[in-house]
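In the two assemblies presented below, chain A is common to both, partnered first by chain B and then by chain C.
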Partner chain A sequence: MLLKLFTNCKITKGNNRSIICDLQRESFTYIPNSLANLFDRNYIIDTEKVLAQLDSDDKKIFNEYIQLLEENEFVFKIEENDFGIFPELNPEFDYPAEISNAIIDRNQNSTYSFKEVLNKILIPSNCRHVQIRSYDIMELDELRIVLSLFEDSFIKSIDIVIKDFPNLGDKEIKPFLFNFKKVRTLILHSSNENKLIQKENNFGFGVIFSITQKINSSAHCGIIQEEYFNVNMQNYFESNSYNSCLNKKISIDVNGDIKNCPSMSQIFGNIKNTSLKEAMSHKDFKKYWNIHKDQIEICKDCEFRYICTDCRAYVEDPSNDRSRPLKCGYDPYTNEWSEWSTNPLKQKAIENYNLKELFNN
Partner chain B sequence: MNIVIQSESHDLSTDDVISWIYHLNKTSRISKLDDFTEVNDISLEMSNANKVSVVVNNNVNIDKETKYWYRRGEFDIDKKLTKKSNLNRNLCDETIRPILDYLDSGINQNYLNKFADNSVNKLKLLEKAINLDINIPDTLITSELSQLKEFVTQHKKVITKPIKNPFINFNTTEYKVKFTTHSKLITSDDLADEDYKFLPSFFQKYIEKKIEIRSFYLKGAFYSMAIFSQQNEKTKIDYRNYDRTKPNRCVPFNLPDDLKEKLTVMMEELELNSGSFDIILTPDNEYYFLEVNPIGQFQWLSKNCNYYLEKRIAKSLINE
Partner chain C sequence: MNKLETKKRIIEYIKDHPQEFPFISKYWNIEIEEGNEASKDKILSISYGHYKTKDIAVTPFYKSISKIIDVRKLKGIN
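Now for the complex of A and B:
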């Protein structure tokens, strides 16, 4: 019997184990490397051939492997004549915009206008997904003006992180958000409790929750953990060739400075006097866009490399731009997760980035 | 560049294609006619010097250079007006109708689908397939139970599906009702003993499937997807009975060249430049043509196979 891996199920081999990324059903499953190695160049396992070489104990294990593959519908029986009719998936990543997503940071001292961001950055770059992060309190009236602006534009989704403020009750925030259908998530930080205020109610949109974490600067960002893994075809192929955080990203920091990401230091001009074209034509603007996981130390041995996020703002060795993300606690050589912030090997970089204050929250 | 798109306001595919058009050509001017657009105003100019130019509802300009994509929706005379009186209807038929017919005949050098593609006749498609030597399931349309019984006895398993559209809409003043009918399996157990008559209905011999194939055709190119519907009881007869928790495996597929050639001839003869084919591959490796839907869904095919069909449509519209 010949079993072929469906072309939308992709094996990512790690140092110790592998995963099958199911790009259609958007989930992943661990498999041992010994199973991953049984597939040939065309992702086919010839079961008779394999069985003939195994003793009875190994046969039992092999049958369990096959059962796992069949239960998850990762494989199908194929006849030799049909080899040519199932071509590989096109591995290309393409996107109908120069910029796919933007981060807009605010604090109480920010003076730049959202209208300027929309007209000078988002519309010319065809960017339709934005995240607004406010480290200080943003009154509902102000938020209403911003959201109305985006609601009437071609923007498709808005994620908001704002500081919770006294007297903002669930009763008030829910009807407020009801009018803004493009808001995907609204997170209230520095809150009294971690609480889900509203479940998604509109194709994944309209989620509201509060968290006790204090988000008072962009230093909070860049954490890599399993909850943030994202198994889907677009993300998978983007991660194969491009940086899974910075590719096609733009940011406006609290001062209105245009950056790759608010956590990074390099500035490509200020929104008040710089056009998108000027910012993007800077030789360093796309510097990190093509750095993908196969080129990053340690990550290149990790089975999660095409489904996790990257971070170039905080890396373990700040002098090496191919160093792994600082805030990742996973070890692909032991397959264990541990707390990144207390790892002795990371203390130098933590000091270097002045991240100590993060842990006092 | 002037592009006119006729569609439905909630169609996501249209939105994606527009993103691509804007990304590929920043100077394009896109006019959109959504859902049912009433003709309020129409003017047409023709001259040897300036050729043909049409202005619809005072803001949509259409001429030979205009790129036009018919996706969904309808652009027509206000139905309330024509329903009210015969006089109105006759007047409209004498005045506005010829202009609309002319517009729909494809006055643009570059267009993708047209409203008339909605009314492609399924029987015509099957006849074309026979003439081109493409396999079709044995087909019967009848209103007689006895004739149906004979057909079922002969083929054991038979399916029935609508002769025309699987969607029927009824609009009353209070409700909008949408009926959908998928393919249903019929065996002798389903047939009553006593004789009765029904409206002429469409029956086809049930063809055993290895896989089902959905193929999107765009101006001579095929983008095909295999649907593994046979492992799941729910989707065995009709994959459109979707299993959302465990969706059928859908992967890229290559149609054989000789079949592609025949299907291209079929599309050219029917003057369709885009459409979605439904095809079956049997366990004996025979291909059966079921139908082609000129305005079908392509987003799921594009997404499952990473085909970027939205980009290809955009490029085909702006001639890149």
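Now for the complex of A and C:
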């Protein structure tokens, strides 16, 4: 019997174990490397051929492997003559915009206008997905003006991270958000409690929650956690060839400076006097776009490398742009997660980036 | 009029006025969303899902734009 892996199911081999990503169902399942190795280059297992080489103990294990593959609907039976009718997915990634996503940072000293960002950056680059992060309190009236601006534009989704303030109650924020259908999530940081205020009220949009985490600068960004994994076709194929965080990203930091990411130091001009074209034509603007996970130390041995999102702003060895993300606590050689901030090997980089103060928050 | 009746009437209207809608409209999944409790007018908004899919929740963008939230802190909240 010949079993073929469904085309939308992709195996990523790690140092110790592998995962099968079901890109259609958007989930992943752990499998041992010994099972991953049974697939040939056409992603087919010839069960009779394999069974003929096994003793009775191994046959039992092999049958369990096949059961796992069939129960999860990763494989289907195929005839030898039918190989050609199941072509592989084209792994090329592209996106119909110069820029696919943008981060707009804000604090009480910010003087640039959102209108400028929309007209000078988002519209010319065809960027339709935006995250607004405010480290200080942003009154609802101010937020209303910003959201009204985006509501009338071609922007498709807005994520908001703002500082919670005492008078902002659940009864106020829910009706407020009801009027802005493009807001996917509204997160209130520096709050008194971790609380889900609204699960969703708008087909996946309108999620509101508060979190006690105190966020006072972009230095808090770059956290690598399992919860941030994205198992889907776009992310999988983008990660294969491009940087999963910085590819097609643009950011405006609290000063209005145009950057790849607000946590990075390099500036490509200021929103007040630089056009998108000028910023993007800088030789370093796309410097990190092509650094993908197979080129990054340690990440290249990780089974999660095509479903996680990278970070180039904080790395373990700041002098090496192929170094692994600093804020990742996963060890692909032991398959264990641990707290990154207390790892002795990371302390030098933590000092280098002045991140110690984060742990007091 | 309750949600079910509204939905039924929309489906009938689409059926009776095919020239006003795209040809695919007969396959739309229609969901009615009620206005929020605080609102005086119970606004109804209507969403149309994708062809032959049950899930009408959309994924507007395929990955998280930034990783500034310590999501682990939110585990178990409801």
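By definition in this document, the second predicted complex is superposed on the first by the 361 of 361 C-alpha atoms of A that agree within 3 Å, B and C clash if a C-alpha of one lies under 4 Å from a C-alpha of the other, contacts with A are read in each partner's own complex, and residues count from 1 in each chain.
Assume contacts are C-beta pairs under 8 Å (C-beta built on N, C-alpha and C of every residue); 3 or more make two chains touch, one makes a residue touch a chain.
No experiment lies behind these values; they were computed from the predicted model shown.
Aligning the shared chain A places chain B and chain C in steric conflict.
In the superposition on chain A, A:338 makes contact with neither chain B nor chain C. Of the two partner chains placed by the overlay, only chain C lies in contact with A:212; chain B stays clear of it. Set against each other, chain B and chain C touch different numbers of residues in chain A, with C touching more.
Of the two partner chains placed by the overlay, only chain B lies in contact with A:92; chain C stays clear of it. Judged by the touch definition given at the top, the superposed model places A:42 against neither chain B nor chain C.
Legend: residue contacts after superposition of the two complexes on their common chain; A:192 is shown touching neither chain B nor chain C. With both structures placed on the common chain, the touch criterion links A:220 to chain C but leaves chain B unconnected. By the touch criterion defined above, A:84 reaches chain B but does not reach chain C.
Of the two partner chains, neither chain B nor chain C is touched by A:290.
In the superposition on chain A, contact of A:34 is made with neither chain B nor chain C. When both complexes are aligned on chain A by C-alpha atoms, chain A residues 233 touch chain B in the first and chain C in the second. Touching chain C in their complex are the following residues of chain A: 100-103, 129-131, 133, 156-157, 159, 161, 171, 174-175, 178, 181, 184, 187, 189, 194-196, 200-205, 209, 211-213, 215, 218, 220-225, 227-228, 230, 232-235, 238, 244-245, 249, 261, 309, 311, 327. For chain A in complex with chain B, the residues that touch the partner chain are 6-8, 24-25, 73, 76, 81, 84-92, 94, 96-98, 126, 128, 233, 237. The residues of chain C lying in touch with chain A in their complex are 31, 33, 35-36, 38-39, 45, 47, 56-75, 77-78. Of all residues in chain B, those touching chain A in their complex are 16, 19-20, 22-24, 226, 228, 231, 246-247, 249-254, 285, 303-308, 310-311, 314.
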